[in-house]
Amino acid sequence: MSPPSATESATPEVRERIRASFDRQGLMRHLGASLGHIGPGRVHIELPRRPEITQQHGYIHAGATSAIADSAGGYAALTVFEVDSEVLTVEYKINLLAPAGGHHIEAVGTVVRAGRTLTVCQLEVFAVDGAERSLVAVGQQTLIRLPGKR
Amino acid sequence: MSPPSATESATPEVRERIRASFDRQGLMRHLGASLGHIGPGRVHIELPRRPEITQQHGYIHAGATSAIADSAGGYAALTVFEVDSEVLTVEYKINLLAPAGGHHIEAVGTVVRAGRTLTVCQLEVFAVDGAERSLVAVGQQTLIRLPGKR
Amino acid sequence: MSPPSATESATPEVRERIRASFDRQGLMRHLGASLGHIGPGRVHIELPRRPEITQQHGYIHAGATSAIADSAGGYAALTVFEVDSEVLTVEYKINLLAPAGGHHIEAVGTVVRAGRTLTVCQLEVFAVDGAERSLVAVGQQTLIRLPGKR
Amino acid sequence: MSPPSATESATPEVRERIRASFDRQGLMRHLGASLGHIGPGRVHIELPRRPEITQQHGYIHAGATSAIADSAGGYAALTVFEVDSEVLTVEYKINLLAPAGGHHIEAVGTVVRAGRTLTVCQLEVFAVDGAERSLVAVGQQTLIRLPGKR
């Protein structure tokens, strides 16, 4: 599993490109998600717990957990490609390990292997409450790189 | 793949129980999703396309597609158990086959096998535009049954 | 789920191409697997139960079940492409639903969507004992098409 | 990803129990697989490349790769439970990252989370050729614990 924090940052150009794309994702804004760390091959996305994203027992809905995990993996893949590439999720698999409570959840997408056409990412989601941090979901994702749309 | 429509309905008690649970899912309401058909071992959930649920190119975000697919499978599983059971998603895998455009998407969760502890569902999501209906995602989900919380 | 039998056959050229490839798979021969029905977008592979393919309780090992399911999906994909294409498994996910006993198991790979680059197949494995046929595994597979090696 | 080697060993009782179970897996013997390191929550299985386990291009068949990955995960789970437990694979997902060539492959199963009923493992498979070691497959597996059969 990945260390809870990673210090190396992506270049300003990469960070800017990812922030611009993230800001166009209506769903991330609607859920209340925000970008955290953007490193080479690794992106973090945070999502505060609030009633709008819960399931029937008040925990964060697996769909919200998955949504930020999927985006974190997609942007992690994007950090390793040149400027005018796009990546699309081909598929992912996610295990929900524990109810996601706490103050917020943080998804970490990490590139496991970047190929010419396909990229595989590891997805992890942590529930965070002050200094406590526990793994609540883990997944694996396949993405495809497309020539960029200029 | 499942037929686009199914006519058999679950009992009024089952339908009522599922509607009550669905109404407590903050995320479904926040996304704008609504319950469709509720049959024995099969549940449909619809989600209109609107800017709040898109990714960066204006298609429906994979996270929103997955969220309603996950809920559809969970409720399909719930239709086959007695009144005071609960089901939780253990894991799921989903392939995004095509960009989800159209007027709305419809997720169909179907029980493949219901066991004492674990249930497996097939997940399908269709993009619907008038009379057109095309498969945009397909998945497979494992759920665990828990004794109900009264 | 797919019907237990399918009657439409692929063309003789396609069947011949798939048989020739199957015969080069050392693992299929070593396990004792054989090709069954070869239809357009659907291929069956059978595997008799014997001690060489069991796990510690005498049932067929999930690895053997998966191996024929993976090959069935790969050949199903191959039926839909032109002569000099190759397909490779990108990933698959499989649920083992029940212990695989019986006389033999039969894997059925069915193309769900064939794209220019990626193809998605549904995988099903049945345990067969005389007239009895029960679903023991179900999966979903992603394959990539490569230009053929002449 | 896991470090290529791990030094902590499981207790002699655990190692003995796992070796005894492994020896009853007809498939592992038939493929030519052997147990490597057995640590707490981590088990390695090795498989030499030979014609009996190949696909049509001479690389190790995904089915053989998956089979030892599945067993490695299952035994990793078994290391963390008391003597008379059994574990069964519920499902797994595996990405084949690169053709598996080299002298042999080594699967590493690592427990990510062990629960009362369900356990999730990470699966990695490396191709090894002398001092070279490259990741050829990565997966994620769910297992269920059953009361032991005495």
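Per-chain residue numbering starts at 1, and chain names A, B, C and D are given in the order in which the chains are listed.
Assume a contact is a pair of C-beta atoms (placed from the backbone, for glycine too) under 8 Å apart; a residue touches a chain by one contact, two chains touch by 3 or more.
Treat the numbers as computed from the prediction; the structure is a model and nothing was measured.
Shared contact partners of chain C and chain D, listed by label, are A, B. Relative to chain D, the chain whose mean Cα position lies farthest away is B.
Over half of the residue-numbered contact pairs at B-C are shared with one candidate from B-D, A-D or C-D, namely A-D.
Here the CA centre of chain A is 28 Å from the CA centre of chain D.
For this pair, chain A with chain C, the centres built from the Cα atoms lie 34 Å apart. A straight line joining the Cα centres of chain A and chain B is 23 Å long. Counting partner chains per residue, chain B shows two or more touched chains at residues 90-91, 93, 95, 142. Residues of chain C that touch chain D in their complex: 21-22, 24-31, 51-57, 61-64, 66-68, 70-71, 88-96, 149. Here chain A touches chain C in the complex through residues 90-91, 93, 117-118, 142, 144, going by the rule given at the top. Interface of chain D with chain A (complex): residues 1, 93, 95, 97-98, 112-113, 115, 120, 122, 135, 138-140, 142.
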